[in-house]
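What follows is a group of structures, each given as structure tokens.
What follows is subunit A paired twice: with subunit B in the first complex and subunit C in the second.
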Partner chain A sequence: MKRVNAVAWNTFREAVRDRILYNLVFFALLMMASAIFLGQISLGIETVVLVSLGLSAVSVIGLLIAVFTGVGLVSKEIDKRTLYALLSKPVRRWEFLVGKFAGLVLTLTVNTAAMAAGLILSLLFVKHTLERGDAVVLVAVYFILLKISIVIALALLFSCFTSQLLSILFTAGLYVAGLFVTEMRNLSGSRLAPAMQTLFSWISYVLPNFENFNIMAAAAHGKAVPAALILQNTAYAVLYCGIVLASATVVFSRRNLK
Partner chain B sequence: MNNRKSIAVLLLAVLPVGFAGIWRLQHAIDGQLQSIHEEQDEVLLRSGKMMKLLSLEYAPLMADIYWTRVVQYYGSKSERREQNLDSLWPLLDLATTLDPNLMPAYRFGSTFLAEARAVGAGRPDLAIQLLERGIRENPEQWRLYQDLGNVYYFSLRDNQRASEAYLEGSKVPGAAPWMKLMAARILERGDTRQTSRLLWSEIYQSAQDPTIKENAKTHLLLLNADEDREQLNLLVEEFAKKVGHPAASVRDLIEAGMLRGQPADPDGFPYVIGKSGKAEFSPNSPLYKLEPLYRRF
Partner chain C sequence: MPQPAIETESLTKDYPTGFLHMKTKRSVENLTMQVGEGEAFGFLGPNGAGKSTTLKLLMGIIFPTSGSAKILGRPISDVAMHAEIGYLPEQPYFYDYLTAAELLDYFARLFGFSAAERKERVARMLKKVGLETAGKIQLRKYSKGMLQRVGLAQAILHDPKVVILDEPMSGLDPIGRREVRDIILELKREGKTIFFSTHILTDAEMLCDKVGVIVGGKLQGVGKPDEIVGMKSQGMEILFEADAGDARSAAVCAKASKSGSRFALRVPDDSLYPALEELRAAGAKIESVSQIKPTLEEYFLHLVAKDRAQAAAIEVSEK
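And then the complex of A and B:
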């Protein structure tokens, strides 16, 4: 655990040193400023526009960092040959992977928290007060973070066996596919052969269902989210990340690094 | 753990157990998401013009995506027999603003909008708005005039406007010759079962979409059943005059020699004499449930 923590902390420090992170946070704050402007020129939906745009910005920026940084977690270490020095120390390959994953999740947690704070401040600026219902915005941000964690795990898995470019394509492709899982499961029976319907249904359970984490509309309208959903989504993200990281560990442990 | 062992553990334990857990969790999450479903139906960005700007050069692609969303939205709602189709119009509005030449969105969309609630959105006014926009953007499409005439005739029972729409459509080069005949027929004879049958038959034959085809077929079956029940009701009246008391069942008519066998509805279920003393569908017949949803002349 100590070794995992050390890798995670170093990954976090390395990411924080990367200026892109600061630029993206600045971008998020800029988006929120635009949201305030958009809210003022719209009629009656200032809060809705602000929350929708703010959460979209948090999600897009988080995803960009997760994909572009996630795919470089392993390949960058191999390219720079720092991995060899690291693995010559008493660090197991799975510890290295889990540490890298935890480090980037930590980075994005900090990053997302900063953006969430910006969003809440913007909300306070527009509404002049915060209500209990506004807590749903924080739940929505938490769900975005869970979603991002799965994306990091996927990016890490792909970076274990393929190039950075392909990893980006695979991760982005899987992310887009994961947004249509519900549609895939509910495809109308009259247009598809039953065998295809069953196949799609199976695939829909294997693909990560990112729609589970989309409560943006509920947050924009201040509608309460059941506590059970928060627990279930957390369990879903933890389990899915566990599966992907276990697969990544097996792939990485078989990789010939010579 | 050596490599082979770790692969075996991954394939035989981690993946099956993990995805079984995912499967269970997904069902639980689906249940929870149902409770905030209403909000998810909402279309946040309703301005077609703004959407067109944001879509850059990909507006037609976005229109296709919105149209696909309309189909999925309508399909899932009608499967659950949900009456709230409030997002249908904004979605169609967006799809047709993004791509003004998207014919399926006008043609099928107007049907979804115009049909009575439980089958459609029950908003013929919006269907007309959509079709008028379609005609403005695609004046060469005579089928849009036909659809407009259908909405006026079936949903609003406005024979004058229905006739005008068919007549206008008949002037478009390449329009079917029956458009002019239909315009004259509706104006002359008005709202008759024969006219309805002609229109639904034409919709049934020309429809490519299975949902629209099925809809037209149900309307045609109900029209046939209307005719059957009208005939049966005449016999019931005749029986009452002859015997002095109303017929309690169809069997009474058979025993009185007025019918040669048990008459059945288009789905093969025998008609029954209801409490009102009139011929009705058997409660077991699929048409019994469909009739209140589709009730049009």
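And then the complex of A and C:
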């Protein structure tokens, strides 16, 4: 575990020194501008607009960092040959992979937490008070973080065996496909052949189901989220990341480095 | 017989080549050799001979197509054994956003050293490689020689029993080479097993107890540097001074080659005394008499030429 922690800490330090957290400045400016603008109008939808805008920004920024940094987690170390010295230490390949994954998840947790704090402050500025219902915003942020973790795991898997460009395409493709899982399971009324419907149905169970993580509308309207959904999504993300990381380990353990 | 520190048994590595990876290129072929404990072993060969491939196989960076290898009696697939091995990759490249001290601290964490132990080791290693004042500078600002020294520091950070160095002197200026050589000699004095690849033959002659020569992926010979080239004398060389314009010495000077103000005459072993007698009669001043032995360089060049001739012959027959 010490070795996994060491790799994770170094991955976090790399992200910080590569100025990845600078995106927070953009987010802060966006939130400040939105809060000031919405504070001047009173149509009764300020909260809905601010929460939707804020959560969308948290999600998009987090996903962009997850994809573009995630695809370089392994391939960059191979291309730059920094991995040679690392693997000459008593570090198992799975420890390296889990450490890299944990390091980027830590980076994005810090990033997402900072953005969530900014969103709550903006909400306070617009509403002048915070209610119990506003806690749903934090649940929505937590779900975004779970979703981002799955995307990082997928990017890491592709990073183990293909180029950065292809990894970006594969990860982005899977993310988009993961948004339409329910549609893929309900093709019974479509004109597709039954065999194709069955095939799509099977594929839908392999794809990451990102629809369950989207509670933006509930958060915007302050609707409560059942505890069972929080547990279910947490278990799903942990299990999915575990399977993807195990697959990445199988691929990477057999790989001859250049 | 004591257990060898490093041993390989028919180690072979093929690389896929071509657009669809349908063909293979053999980089190392049936490599069988042993390196004894506490020995300094030089792995010699021209560029592309398979030296780095062998070292990467030993470190588990790439995997053998066939054959096996052991370090300190444990198979190379056993990653835990890396706690006893130090490795310097060829032209090392490290995380350039870190300082040398941070990099060494990171690697020390991987060995599970405590914070106090890490601090002490990092400071000691930086001093050992002469980087104590540059330890707080980011590696992106380091010269090639400085990176090589950081590479050595990270290889010996954990006091390993076996040190594997891939071209440790490559690309260094004479001062850098001297410093690296001194560190290797110190490791040798400490009783560590040193296995290093090089194509700089003078370094091998100076540092190694034993050398192995690899050409075209095949091991051509293993032994002590003077044994491997063969101890058999190739004649005698007499260095002398004489006036070439003098009628008495003109004949003998014509048989010798001139080097500065001196002449060098090479004669077979059994012709030494008649030649000395002839020189004395010619009034020459004899400066030295020495036996001619083949150098490691001559042996090495002979093997490379042989391999190239064989490769050319195979190419012609295939056509």
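To be clear about the criterion, the second predicted complex is superposed on the first by the 239 of 258 C-alpha atoms of A that agree within 3 Å, B and C clash if a C-alpha of one lies under 4 Å from a C-alpha of the other, contacts with A are read in each partner's own complex, and residues count from 1 in each chain.
Throughout what follows, a residue touches a chain if its C-beta (ideal position, glycine included) is under 8 Å from a C-beta of that chain, and two chains touch if they have at least 3 such contacts.
Treat the numbers as computed from the prediction; the structure is a model and nothing was measured.
Novice: Following the superposition defined at the top, how do subunit B and subunit C come out on subunit A, clash or fit?
Specialist: Result for subunit B and subunit C: fit.
Novice: Once the shared chain is lined up, is A:82 touching subunit B (first), subunit C (second), both, or neither of them?
Specialist: Second partner only, subunit C.
Novice: By residue count, which of the two partners contacts subunit A more extensively, subunit B or subunit C?
Specialist: Ranking subunit B and subunit C by residues of subunit A touched puts B first.
Novice: Name the contact category of A:195: first (subunit B only), second (subunit C only), both, or neither.
Specialist: After superposing on A, A:195 lies clear of both subunit B and subunit C.
Novice: So, does A:1 touch the first partner subunit B, the second partner subunit C, both, or neither?
Specialist: Touch status of A:1: no partner.
Novice: Where does A:165 make contact in the superposed view: on subunit B (first), on subunit C (second), on both, or on neither?
Specialist: A:165 sits against neither subunit B nor subunit C.
Novice: A:48 in the overlay: touching subunit B, subunit C, both, or neither? Say first, second, both or neither.
Specialist: A:48 sits against subunit B, while subunit C stays out of touch.
Novice: Name the contact category of A:256: first (subunit B only), second (subunit C only), both, or neither.
Specialist: second
Novice: Is A:232 touching the first partner subunit B, the second partner subunit C, both, or neither of them?
Specialist: A:232 contacts subunit B only, not subunit C.
Novice: Calculate the angle at subunit A, using C-alpha centres, between the directions toward subunit B and subunit C; round to the nearest 10 degrees.
Specialist: If I round to tens, I get 140 degrees.
Novice: Aligned on chain A, what is the least Cα gap between subunit B and subunit C? Give it in whole Å.
Specialist: In the combined three-chain model, subunit B comes within 9 Å of subunit C at the C-alpha level.
Novice: Could you list which residues of subunit A make contact with subunit B in one structure and with subunit C in the other?
Specialist: Of subunit A, residues 254 contact subunit B in one complex and subunit C in the other.
Novice: Name, in rising order, each residue of subunit A that touches subunit C in their complex.
Specialist: 2-3, 5-7, 10, 13-14, 17-18, 80-92, 254, 256-257
Novice: For the complex, give me every residue of subunit B touching subunit A.
Specialist: 3, 6-7, 10, 14-15, 18-19, 21-23, 25-26, 28-29, 32-33, 35-36, 39-40, 42, 44, 72, 75-76, 79, 210-211
Novice: Any idea which subunit C residues touch subunit A in the complex?
Specialist: Checking each residue of subunit C against subunit A gives 56, 59-63, 79-83, 85-87, 89, 92-95, 97-98, 106-107, 109-112, 151, 154-155.
Novice: Please give the residue numbers of subunit A that touch subunit B in the complex, ascending.
Specialist: It is residues 48, 52, 183, 186, 188, 190-191, 205-206, 209, 212, 214-215, 217-218, 220-221, 223, 225-226, 228-229, 232-233, 235-236, 239-240, 242-243, 246-247, 249-250, 253-254 of subunit A that touch subunit B.
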